[in-house]
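Notes for the one structure printed next.
Labels for the chains are A, B, C and D, by order of writing; each one numbers its residues from 1.
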Amino acid sequence: GCEFMDRESARAIIRPRSVIAHKGSNGHCLVIAGSVGKTGAAAMAAQSALRAGAGLVSLAVPAALNPVLESKTTEAMTIPIGPEDKWHFLAGALGELLSVAKGKDAVALGPGLGTAPSTVYLVHSLLTALDAPLVIDADGLNAVAVAPELLLRRRGRVTLLTPHPGEMARLMGVSVPEVEADRIGCARDFATRFQVYLVLKGARSIVAGPDGTIAINGSGNPGMATGGMGDVLTGVIAALLGQGYHPFAAARLGVFLHGYAADLMAEETGTRGMVATDVQEALPRALQRLTVAEGGAAGTSIN
Amino acid sequence: GCEFMDRESARAIIRPRSVIAHKGSNGHCLVIAGSVGKTGAAAMAAQSALRAGAGLVSLAVPAALNPVLESKTTEAMTIPIGPEDKWHFLAGALGELLSVAKGKDAVALGPGLGTAPSTVYLVHSLLTALDAPLVIDADGLNAVAVAPELLLRRRGRVTLLTPHPGEMARLMGVSVPEVEADRIGCARDFATRFQVYLVLKGARSIVAGPDGTIAINGSGNPGMATGGMGDVLTGVIAALLGQGYHPFAAARLGVFLHGYAADLMAEETGTRGMVATDVQEALPRALQRLTVAEGGAAGTSIN
Amino acid sequence: GCEFMDRESARAIIRPRSVIAHKGSNGHCLVIAGSVGKTGAAAMAAQSALRAGAGLVSLAVPAALNPVLESKTTEAMTIPIGPEDKWHFLAGALGELLSVAKGKDAVALGPGLGTAPSTVYLVHSLLTALDAPLVIDADGLNAVAVAPELLLRRRGRVTLLTPHPGEMARLMGVSVPEVEADRIGCARDFATRFQVYLVLKGARSIVAGPDGTIAINGSGNPGMATGGMGDVLTGVIAALLGQGYHPFAAARLGVFLHGYAADLMAEETGTRGMVATDVQEALPRALQRLTVAEGGAAGTSIN
Amino acid sequence: GCEFMDRESARAIIRPRSVIAHKGSNGHCLVIAGSVGKTGAAAMAAQSALRAGAGLVSLAVPAALNPVLESKTTEAMTIPIGPEDKWHFLAGALGELLSVAKGKDAVALGPGLGTAPSTVYLVHSLLTALDAPLVIDADGLNAVAVAPELLLRRRGRVTLLTPHPGEMARLMGVSVPEVEADRIGCARDFATRFQVYLVLKGARSIVAGPDGTIAINGSGNPGMATGGMGDVLTGVIAALLGQGYHPFAAARLGVFLHGYAADLMAEETGTRGMVATDVQEALPRALQRLTVAEGGAAGTSIN
């Protein structure tokens, strides 16, 4: 099957929220992200999860970067990991991270992690050890590409990858043109072979399920061809997984919502010079437009 | 008695402000808050107090976190407490904090404090020693839950607690379902037994006074089910206490205003993806709508 | 004489700007400000100078606070002064500060300086040594109050003080009620005795010149009774002095503009919960309304 | 020849963007900038490059300033260079910087670099060694002024300078009035002699090509006479070079766009009190107005 994602299909996925929801019922996401020079990626993934409706977000970062990330985020809580003078994650952080991951409803792994060998090793260990639904992006994917067979050890647990064509090529050991020549085929092959959910990003993002089902995203615009957009998507999908959406629904709704928020920005200020935090901050309005029936302020003290 | 808080009852509580007010006449609040990873809670409580009309706000934080909080706040003044390398409050901070609390019109205690034993011990000491009207929230409540009988030592002084159902359950030594099964009863029981003012948060927040009087809040929406909303409420109530409102009035107006600001946000961008700083920044507009008779710019050089 | 400052008198003061102005022709202000916990005051004074049209702003701060102030300001340049581990100014900073002050068009001294004895001593030395037009506020005034006769050593140079009634009382060695009982008299007495320009802040700010001329400000509203508003005013007046306005014109236009920006904010979001940075950011719009004849975008590529 | 740059000529330069663009196809810019007290200049150059459509921006800074710049930027990635305790670039940074510059589509050199001898020496080395199209501004120009003949070593590579009249005077070893007396002549002489592209900033910025072609900019307003505007222009031109625009097109479109964004701001809030980040953030709207034919949201999911 191959679904085209438009506003109507997005609307059909979005679930009503209980009027007696509390922050616990909207999911607690853990974002594992960041290395020196790339704290922005971590901040965007965390803040985007909140902007996509996560109840709580904890952001685990290399300890030396904690002051920067406390300055950059407010509603998200940060968790410094590892030695105080380390600017990237070490393999030895496994225990701390597993302890922090306990009870979380979704984990995002990858934004701005860097490619230090010790960090790559850590990602491999986390793949096997983390039980929560897991979104892997960016440097997390580069680590997976070294040993994609590790994904098979996650059977029975939810794994969702969000590669761009370059990362897809590395994951499959092929060239970027080979990926571009058959985007649907590549996404489906990898998803079914490793039993994961996969979003292959690009002008028409492809969502593939482990059973080979495909959806094609209809939102988004060229203004998204700029750094950090992937970090925002990672946060959005983690938030949806944490709210209990089925992974295929989370992937489809996530990519549509992400592109739709960018389309709202394009409507306001055009596509050129759009930055990723613009899209992040437009997420609530995008969600509002997709849930009009609920009414913006329906059931509040205003009306 | 059991009052339902709507716009009219909120309006009836709000007092006119003198045209010759100066920053001293609007109250000086002290916020005692923060531990590593949770500076956002401290910043939101402090900034929300300013957004609810406090004249001055001082924010006491563990010394190692002071640079982060100087970066995060501008109008609030920070006060680093304890040794320069400590990321949470130690019991030994009592003297410094009491000295800082001298002359303050209200104190907020709890946002992001953490649960280190030394911090818990400090909260216990502060309970007994602080004379100013005191709002306790979050980790402050968790510390109180260890020894709620300490609240009785505050007789003759104003104490206001703002638990969510989980914290209420810990304070009473019961389960969350037991709290949810009789929200009004729990709030009233605790408030009368320990002679405190209490806000039991939730979809319809309950305000209970030490004489058993109850009010039920009519503002707010499901978008508030996300982290940090409680920190904002704490700042709002502290600001109202500092402006000289009676504690029962401060609690009722505070919860209504907090929910009403969230309802204004819902009107603008929907309830999904709303974050706590959105509500914080909407507080002035909420206050403006509740005081239209005064006129936005009445008595200014514009009209 | 006693002038009432309204929009028309403010308009009459504002000078046209040359179409071939460059950043040098709009004045380079130096702000000497800040101590631990009070970096916000320093940031607001510096940013407000830019928002009032300064061409360049340099912000001299105790060296240990420099990273915080680099985070908090962008267009202003910071200058770390003194030892790297000091959180307030020491008397020994005199040489560094005089070297930094060389060639500046105006100096603002005081916001958030703190009251350490060494800092007080430094202020005394600066009073005598600084040649540029000097605005003194906040803790700068508290230092002056210890030895106001030092002001007489500034004869032939421009000195402008901006006390609130509490600071005025300390400067004159009288009580606050005595100041409030005769605001015009106090302002005139001090200004003529010490040959300074003086703004006595309050619900109707008084401007006094060294010849006893008085102006009374007609803008502003009760929303300004909150921390940081004085720091904004200091920056505004320094910017106007740096642009070459006569000190009496800078004082009158500065207080009017400051109150007028607050009145614009009141029009938009009401007076309650207004914070000082709101007023700071409204300054350009206030200037725009006072210079309509020039046309917002007149002479640009838009029309 | 001498072209006057207006909206129509700007429109004629702007190229359509491919609907299948990805962040790589919009260029990866490297900004080499910053020294203690001047991190704002570095942040503005980097962020302005993103606001002018760069796909990726890396910001190389002296290592001690990296935490500040991580706090100040989000989408741009920072790269700490040199020893951890150094607040400015040393000559020894050459190797690190060349390694970082590898594969970049454009390099901006200069904003906030400072004038330490070791930094000047580094700029000289970079002039010779950097292959990518290079924009030099601010302290970068001051370093070039010491030995402008080094520019001749860049033959065959693209070099673009953006001096204001003071910097132009230093580059040519003449006085500022001499520059002002013949702006076009100076720009043309220097550009042809050293075979560079040159923007001579001022009320009517002059663009000169190495063949002596001249363009005169028609956008901009007196509100731009304030600190940081040059850093924004540097980022804009680097972004355009990185997107593959011919250097003469990048210079002409860059200066027009920069002034046009300032004109949009003037339309909204007037020219007085405008700051450089206002112009930076208005760049997308300026680009939108210049590309209306493409339609703001054309080809998105909104229409």
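Going forward, contacts are C-beta pairs under 8 Å (C-beta built on N, C-alpha and C of every residue); 3 or more make two chains touch, one makes a residue touch a chain.
Worth saying up front: this structure is predicted, and the values here are computed from it rather than measured.
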Discussion item. Going by the touch criterion stated earlier, list every chain that contacts subunit A and also contacts subunit B.
Written reply: none
Discussion item. Using only Cα atoms, superpose subunit C on subunit D and state the rotation angle in degrees, rounded to the nearest 5.
Written reply: 90
Discussion item. Do subunit B and subunit C, two copies of one chain sequence, contact each other through the same residue numbers, with over half in common, or through different ones?
Written reply: different
Practice prompt. Would you kindly tell me how far, in whole Å, the mean C-alpha position of subunit D lies from that of subunit A?
Written response: 34
Fill in: Rounded Å distance between subunit B and subunit D, as computed from the means of their C-alpha atoms
47
Worksheet, complete the sentence: Touching at least 2 other chains, the residues of subunit D are 67, 71
Discussion item. Judged by the touch rule stated earlier, which pairs of chains are there in contact?
Written reply: A-B, A-D, B-C, C-D
Response to the item:
Counting only contacts in the complex, subunit A reaches subunit B at residues 17-26, 50-57, 66-67, 70-71, 73-80, 283-285, 287-288, 291, 294, 296-297, 299-302
Discussion item. Show me the residue ranges of subunit A that touch subunit D in the complex, using the header's touch definition.
Written reply: 6-7, 36-40, 43-44, 65, 67-68, 71-72, 164-166, 202-203, 218-222, 225-229, 256, 259-260, 262-264, 266-277
